[in-house]
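Shared between the two complexes below is chain A, which pairs with chain B and chain C, respectively.
Right after this comes the complex of A and B.
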């Protein structure tokens, strides 16, 4: 009797999660359409349809706005939002800690250090480097910074083929402090203009989205997003503890390695194209756990859908609230998201758990 | 009627008035042709447009544009290095006057591809650069004559400042204090606009061997031994009060502190390197002379 009830309960929750998945997919499609058709200029999807139906040529400027500004920006928003939320969900599952976010594997600190290095010392780099990279120097530096620090941490925490998640967490904090100190030195020697660039980079923006960036960072994020759902069973097992997961026959070490590399790829690329966008990685997974439960089979996919939708909404606000200027998106995600999150926590106090 | 008056006043005057009239008329005619919807991206760009008498053509400005006061009433397109391409295109400008560091580069690329007329002004670090900037802006606005006039006026001011600086009986050591946050002195070293302005005014930057705006220890302040302390009197939270400067324990021990030699000037006027640079240098020079006189008398 009890067993039957449990099955039915679990079935209810699965159905709930499936419904959420459907709802989130619809929401993402709607927001993506809104993101494409809403902007400072008159161009909208309606005018695009009108052009297609009537067979007239579209004005060059309108095509440029839709194709070169809004479409890459929308794609960047979807990929970055999904990557940050999925990376957050994976990290929280891996560390079995509700506070874990991608910053913990050193990606944030490393990427930040890389970006600061490029902004402050970019002028000192050999000319052939700056010429070859153009304005992609900062994103590339951020990406490599994130990767190098993650691989370093992984090495530090792995002994005789076993990765200690606790060591990785502590070493991550130490590496973060070290990167922070190096960043401080660079901030000291930066001039006023560079300081302002650093501040804006830290607040994040989808403003610089372009096709070259989408094509460079997009595949990395897309691969990580496709790989993540395969981690679901492993992360569900790890929730029982590493020993238990091992005893039920999970390849624990492989799950850990793949999870860490996935997070590093997703976050490194996301941070590289959009700067530091906080909050999405930690809040989206928690909201979904409260709503549909901690089963990673649904959580990882739903987190991606919800993260993409939320970031697109935040970007819509960021680019239209103070036109003709643009607000850094990190400000929007934090000011809107944090109070909502607190409100939910206060309402459902005691229910936050993995 | 006017012919009559010309005759009575005299030939030279008549010729001058006529020339001015013709210039003004041709200026007006050109103004009709030139761009009418101009966006200024950068504080000195907006300042130059107004100095050229073309302020009514501006439809928007960036956050760093704050002079003259009228510019503040225009819509703000955000920080000059973080411009949003679509918002700019949507305003349908027929000219964007951008400072050399306007960006990000992605936005500039898109604006060029969207065929928005964009003119980049050269970077100004020296008086000669200021003139080049004025000329470039005037050409873009289609008012080369007004540009030549403004450049000539600016050149006169700069020359006057250079003469005054050269004729200084001695070169006072000047410490530029950018801020005094929590009693910590943020001073201008080499490679700063404040350092350049001190040199233009005939002073010597008291801080050597540090580049950029850097915090100074109390001992370094005393070792710098400034004869004059220079600070900004407006600029929001960065405004530094003379009384605070003189009450600072390390500054109080310097020659400037003991003789209460504090000069305060408006930030953009002093450091903007726009058309008012010569006037600012001259004003600072006069203040430095006064300080020298007080020291000797």
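Right after this comes the complex of A and C.
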């Protein structure tokens, strides 16, 4: 063991990152089990395993709760948590800054505007469109909103290959405000049913999870999650700056385009199904970088695993803290995430070019 | 061979390079010298495609504009003047980035060897951002070195483009980098570097390009190009060149006004 470690180049954290991957996978499995078994009607982990192993039929009521309520909710939590964390990691890699988070710099707001547009004005679209799109309309609109705002942000904040953090954050505020204003107009003209829809996801919640929603937004998120690992080499290279990334042989323009699409798809779909869940995208990658380093070959996968785990845990807190009611999950993640964000700022004081 | 044909660069409406044509050979160290603002770095950046330019740059007989990034990276390494690094990568991880798209990407053994070449062994586990400016510059050089480790592959020379590689280094490490450049050229590779120090230039250069106000005012051997008159004209201050007795080493001595 010692000899092996001596052979490995010091400063190479690959092994650490691989161990973390294993540990996070186990954690996610455990949390997913907990998420399935925990709730107003208790289905113990033991009986869940028993059913899985023996293939024995469950009580109808238990099966209904598991299949129709908890499983889609758990899957939504996994996909949304992973998407938010991975979108954060990709965006931070693209902007070469740990403070770039889709939720903070207006991409979430842009995606939200897209979703609100679809919810409120979707009825005005020709019937054949709404029928063809069905549940896909809202996630797709959110994706386009996220894509436009990511593109806009990148164009504004990047000049001759260098991205200014100050410009990025300020442009993010402006974009967010603009999207907020437009969303406000739409809320103003929305009818009562639409208002209820809007309020539900404005606060962020997994409460509305259902199979149709999982099937509509899931593939978009899954696609983004599958694309992300292919960005790893490119994002590692981009840490050197765009020019140097080009000189080590990377197709920089393609990396940037795929990164922007990935962020938009992951953020857009996540926002569409679960609303404004903040801070997962900034806290998860940051903690992982501290633990195992910034190498995106591991960071992106680990962020997905940790983001999913964290969101399931936050959801468990959200639905057990004031039972039988449940707290919107966005409140939980913000309460836990905002202090971590402040802590990042304090640690980096003097390093941010503001 | 590196050949530049009629390179023109403008920043906004201001022309910065006025049609420069020059050649550099593999097996040689070519050094670009000239006063501040003469266009040295801009010329190097045009040669590496980092600024938009008119004209043509050919490397080993191929038009650089037509090569894909990974094809270019296989034959040349580029060290920019200043390197910023986002995120807390360790020194070993930064150097390994040089292998990203290389055909020899699996040669992790080159990382410690390149670090030793720039006198940074023992630093591989340190965080890059915690190093001094000079140490960071040496780590970046090691990253470029692993990318084009063998100066010649299948008979095709590789190239190093270095923008002020010694700018933040102490005298001992300046000499170390000069030796690396010489060794790379001696083994058949091509080196094109921007340097400020005329004496260091004379020590390392097989060929000099003297820049003045966006024009190439001389190219050739050190003794041919760097003459008293040419240097005074370019730098606008009195300079005397001479030779030191033992091996006849070339030197340039600035003549301070008022000094004897």
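Keep in mind that, in the parts below, the second predicted complex is superposed on the first by the 226 of 354 C-alpha atoms of A that agree within 3 Å, B and C clash if a C-alpha of one lies under 4 Å from a C-alpha of the other, contacts with A are read in each partner's own complex, and residues count from 1 in each chain.
The criterion applied here is as follows: a contact is a pair of C-beta atoms (placed from the backbone, for glycine too) under 8 Å apart; a residue touches a chain by one contact, two chains touch by 3 or more.
Predicted model only: the values in this text are computed from it and were never measured.
Chemist: Let me test your reading of the model: by the given contact rule, A:247 touches which partner, first (chain B), second (chain C), both or neither?
Modeler: A:247: touches chain C, not chain B.
Chemist: Kindly classify A:189 by the partners it touches after superposition: chain B alone (first), chain C alone (second), both, or neither?
Modeler: first
Chemist: Is A:326 in contact with chain B, with chain C, with both, or with neither (first, second, both, neither)?
Modeler: So A:326 only meets chain B here.
Chemist: If we count contacts the way the header does, which residues on chain B are in touch with chain A in the complex?
Modeler: Residues 60, 63, 75-79, 81-82, 84-91, 101, 104-107, 109-110, 113-115, 212-214 of chain B touch chain A in their complex.
Chemist: Which residues, counting only chain C, touch chain A once they are in their complex?
Modeler: Residues 48-50, 68-70, 72-74, 76-78, 80, 83-94, 96-98, 100-102, 108, 111-112, 124-126, 143, 147 of chain C touch chain A in their complex.
Chemist: Touching chain C in the complex: which residues of chain A?
Modeler: The contact residues of chain A facing chain C are 9-13, 96-98, 233, 236-241, 243-244, 246-252, 289, 293-295.
Chemist: Per the contact definition, I'd like the list of chain A residues that touch chain B in the complex.
Modeler: Where chain A meets chain B, its residues are 39-42, 60-61, 64-65, 68-70, 134-135, 188-193, 196-197, 200, 205, 207-210, 319, 322-326, 328.
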